[in-house]
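Below you'll find a set of structures to go through.
Next come two complexes, and both contain chain A; in the first it sits with chain B, in the second with chain C.
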Partner chain A sequence: MRTLTVDTRRILYAIAAAIGLFVVGEMAHPGFLSGPSVASILVIASFVGLVAAGQCFVILIGGIDLSVPWVMNAAAILLTTTSLGKNTGAPEAIAAALGMGVAVGVANGIGIALFGIPAVVMTLAANGIVEGLTLGLSGGFTCSSCSSYAPPLIQTLAHGSLLGIPDALWLWAFVTALVSGALAVTRFGRATYALGTNPLAATLAGIDARRMTILLYALCGGFAALGGIMLVGFGGQASLGLGDPYLFTSIAAVVIGGVNILGGRGNYLGVAAGAVSLTVLVSVLLALSMPDYVRSIAYGVVILALLLAYGRENER
Partner chain B sequence: MQPDAAALPRGSRLGHAIGQNIGLILAGAILALAVAGFLLVYSIEQHRLPGNFELTSTVNNAIPLVFAAVGQSFVVLTRGIDLSVGGVVDLANALAAVTMGKSLGGALLWSAVILAVGAACGLVNGLLVAFGRLQPIVVTLATLSIYQGLAIRVLPAPGGAIPPAYTNLLVNPNAPWALVYIGLLVLAWAGFRRSRTGVDLYAIGNDEASARALGVNVLRTKIIAYMLDGALAAAAGLFLAASATAGDATTGNSYTLTSIVAVVLGGVSLFGGRGSAAGAIAGAFITTLIVNILFFSHVNPLYQSFYEGVFLIVAVVLGGAIGGAIRRRR
Partner chain C sequence: MTAPAIAARGVSKSFGGVKALTGASIAVARGSVHALVGENGAGKSTLIKILGGRIAADEGSVETAGPSLRIGTVFQELTLLPYMTVAENLLLGREPRGRLGLIDRAAMPRLAEAELAGLGITHIDPRALAADISLAERQIIEIARVIMARPQVLLLDEATSALVEREVAWLFGQIRALRDAGVAIVFTSHRWGEITSIADEITIFRNGSDVGTFTTIGEDEAITLMTGQALETIFPARFAPSSGPVLLSLRGARAEGTAPLDLDLRAGEILGIGGLAGHGHRALFFGLFGAPGFREGRIEREGRPVRITAPWDAIRAGIALVPEDRKSEGLFLPLSVRDNFTLPILRQLSRFGILRLGAEHATVAESIRRLAVRTPSAQQPVGALSGGNQQKVLLGRWLLTRSRILLLYDVTRGVDVATKHEIYELIAGLAREGYAILFYSSDAEELAHLCHRVKVMRRGAFVAELPADALSAEAIVAAAMRESGQTETPHAA
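And then the complex of A and B:
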């Protein structure tokens, strides 16, 4: 029960940090807390949140996925080039992009679980492989179909709203419910925590560690691809390096969301709050028209401050 | 669990030595293959063997990564990882371009200051890891962002100047004089490895709890590892600035990931306690040679990272399989 309260407290800290940063933003820049401003910040945060959902799964078992940036980029370019900006081809294009992400994730999982390659090395290599293939096959994003737009359907998903709430937030809320639910009450969730806490004990308890590892990396790849799809819907066209900022941001969101980087502890609700905190932080600094370097330094300092405040390893 | 080499009596059997140094031996084998591959591709392409110019440019291209990788290996040996290497390289590079001016004397003086700044960056990492009880990967993720920000503050746009004499001293374009620095690095490492701190470093990487129980000062040793790492990353930034004869606050970013690749290819275990600086140096040269081989093979540069990724996986899987087989046979 004690672990439960510690974990719950961490989620509450992450949410408090997000709210605190919103308040700071309002003080620094009146109007920051207005409806449209908050909505647009949350939409941006949702992209981080989707990618961080996948990252959360693998970090929960003590892994990490460094292949996120180019899986996102590849998903984005795959979506635009296969749909050519038309709604008719959208379902196939979405399936292709998500399928690619899952396939990369499965490959990561196989390399890690079956071949025993350290997660850092495997996913770093996978990132390079996907990068090389994406750049090579698209001629460095110069192919004739590379300038296609995302299908209107996807653009609407990223920009539209339903009942006054942006579609992207509905999607994120759905994902949040699904991921938190799956982790909290299903066999899958219990197996994930068990594997992250003690792989040997989990295996002895009848959990197929290899299958779970592959499944979790597959989910991570799928979520990265989903993030790429939403991002290209938001931006319209796929651009080179679109996924780059999401590598460190997704890991940071997971960590300040109270998930133990060594695995076994944490919850997606905290991660979602972490994604909001990081996005609000960047928005506050932008609203204050701080130069780039201040943003970069503040980002690091705030992550460290949050970690020192509540992210300590309290195992003895 | 492999016992720490330092804990065993000297002069044990050859088989034992092979088992202990299997990572380094494999790294040497991969390096030999990479050199052979480069010689083959180059001579087919250019109809002659590479000469002084190619050797010099390979060494000069590799040397920043050599220093960054050796720095990374100190931290990896303690079972940590340093993602802030790229930020420290950036900061050192930017500081060098802004401060050095025209005279060699001034440049050398500033080099010492910049190495100290690198060590200070490492000290911050080390203090946060050791006393903050935070995981190295998240600490250095955060400080990466801070050091990158500071680098951009120092040098907002690429520019500045490095005295030509300084360039000639560090990365002489006429002959592979830079090998001298690598030799010094190996000597310094050999001394460090035999020092109390060096032995403690391996002990911590193998089993931190046991090391602590045996009286190893874990906090002090870790902080020293991070400081050495920071100073070496700063040295990488100095070599980079000398090569480019100017500064750029972002060129160092790639060294975070390439230093990890070099360390892994060099047979340093990411799980700590196993590996050496010699391995990291071999890994840095392998990484550099692969790029050269791809270049002379006329591989479409867009596919470059694809081949690098495939190579990394193949090397790690094969290395793991061969190493495992040899350990089992003993």
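And then the complex of A and C:
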């Protein structure tokens, strides 16, 4: 048997961690591994997975996107307020929400690639700006239209199923295939890895580093908006702060999935497995009916333990 | 020989299964200069690190004349802290103290300046950041820092690789003074002229062990011992340039730090660019490649003007650049040989943005064969290959672009003799096939033997053009130094 590369091993670790956590859940709470339970956990994981897809793109070039939470939130609010809960306005509302996400991403990319602003600063500022704009324009959620629901179309997408498998998982599977394929066998993918490995050499090999950077942040913004749309479809109504947990989980999923935080290595299959691991972990901790504070501690400790295992491997 | 100052006896060392040294021995007397020569990977650097106490030997022993012998090492990799000043680097750990025991920052530049002057270095500003001075200047500061610690044994690993003739002369002056003061000196170099001019003894290494120690030995014999095979000559036989059409012209092209430059490069010729480091060569080569482009003037491609403001413009115009620092400017070390080869030609190897992996595989396999790249597979990370093979991958990448104009910027630096020979043959072969080659080297000998003519740059301008019949290393150096002997070395920012 051929020895596995570090990259492949890491993906296997992430998958093994997810499976292991499912087994722990079953032991703690019989029925945890039943079909509906697994499906509902995976649906929730898919929201993390969508956002992490974008995060994966920017982390592959050594960047990071901290504007994810409010791009998600803004997308959710934009969707409900422009469609007013009706299917007729849904396509326009979806386009507006996705367009907003891409626009924020482009702005992030321009700030980083053209003006040389560090990614952490640029995207953190963007998060604040989008938050302010969202609160200001929606009147802090006091207007009557703001309490609208997501269009039934989107709610069906988040809750419905096809051939016994939830629609949200079909969407996630499609995104997984698309993102993995794009990274593995396209010019875009090769350019991304090259840029993340050595930006100077990539530029000298003819890659337009600025355009690639803007494109990748735009994709990240788009995926965050998509995550926001699915989330509001799942919950029915938008709420303030609905994107907040996704800042940490989207980055953690990418890192647990074996993507080098400094760029250049890793792929989306691992990230998807990382998203599942994190979600199962939360569910297991809930199933163990721990107090809130213990859950927070356990969550942090398990993630650190996973990352420590990777650090050990690096030394070999 | 009297008792040596330092000696290694039967030293072996492995790095994860790869034997770097197998039973190597040398003995260095007080007041003598001992050269270690051998190809890359012959074990010289490993032995230097073991002698200097940086790493421990697996077997064998290192014996010193006394228990508290001061050993100073100049490593191949530069170790200056880039965002500290030259003075702060030199005085690191022994900073002058003022009242209250705080560091006396005001005194540091003066102290450093005085110590540098004591070593005959007056052209480097101690207030400059280490990151802002040239590679050669950093190397000099590195050496100065080690000498200032008054070592009794001085180990120099490739200390001259970044230096030009005049700076090498400075270093050798220092080495002679230290030798006369009784210091034992070990050094490695790939430049034969340097070795014979300074070494009292020469030990030749091959495959991790010493194969002979000599007081005098000819270059041919040494190369035979180093490589295990006789090399008729290192340089390819001379051949006349085909008088092909002019592929590339510069008219009044000015880059940052250069004068307006004129140049004609013909198909089938190797045009050498010579001169001291820091005189605008890099600005010329990178200007032609659009990284960044020239500020004014014209570039003509077979008589038609072209605009080159970014590397992709240059690639589209059929121009390729192989930079000097392959690790930071050329290669993607963790990525595979395949990915490194095909990055600039992915457009040809894809349809609607999706790669045709079969076609790519065939292309890469053909390149590996053509360039005789020694790699277990195309999937191997390029960082795992030897330096010479890495350089071949980088050259091969640009040959795949079908660029007819090759800008080769000091491509043999830090490459061992056997691989140098292969690269020279490759370059000569490309010129015969009709490639137009612009070739910069910090090694005047290499320029003189490989090029059809050489233009010499000084202070950002061409100051001489030496035709084939007037080409020699001495002529190139003379042209580069003329009128600049007394002044300080300028360096282009």
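In this section, the second predicted complex is superposed on the first by the 307 of 316 C-alpha atoms of A that agree within 3 Å, B and C clash if a C-alpha of one lies under 4 Å from a C-alpha of the other, contacts with A are read in each partner's own complex, and residues count from 1 in each chain.
The working rule: contacts are C-beta pairs under 8 Å (C-beta built on N, C-alpha and C of every residue); 3 or more make two chains touch, one makes a residue touch a chain.
Remember, predicted model here, so these are calculated numbers, not experimental data.
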item	value
Which superposed partner A:Ile303 touches (first chain B, second chain C, both, neither)	first
Which superposed partner A:Val185 touches (first chain B, second chain C, both, neither)	second
Partner chain(s) touched by A:Ala194 [first = chain B, second = chain C, both, neither]	second
First, second, both or neither for A:Ile117, with chain B first and chain C second	first
Chain B versus chain C as contact partner of A:Ser283, first or second or both or neither	neither
Which superposed partner A:Gly132 touches (first chain B, second chain C, both, neither)	first
Contact breadth on chain A, by residue count: chain C or chain B	B
Partner chain in contact with A:Asp208 - chain B first, chain C second, else both or neither	second
Interface residues of chain A shared between complexes with chain B and chain C	none
List of chain A residues in touch with chain B within their complex	64, 66, 111, 115-118, 120-122, 124-133, 135-136, 139-140, 248, 251-252, 255, 261-262, 292-301, 303-304, 307-308, 311-313
Residue ranges of chain C in contact with chain A within the complex	289, 291, 310-312, 315, 321, 323, 328-335, 339, 342-344, 346-347, 350, 353-355, 357, 397
Chain B residues touching chain A - in the complex, by the definition given at the top	81, 128, 132-135, 137-139, 141-146, 148-150, 152-153, 156, 257, 260-261, 264, 270-271, 300, 302-310, 312-313, 316-317, 320
Touching residues (chain side chain A, partner chain C) in the complex	185-188, 190-191, 193-194, 197-198, 200-208, 264-265
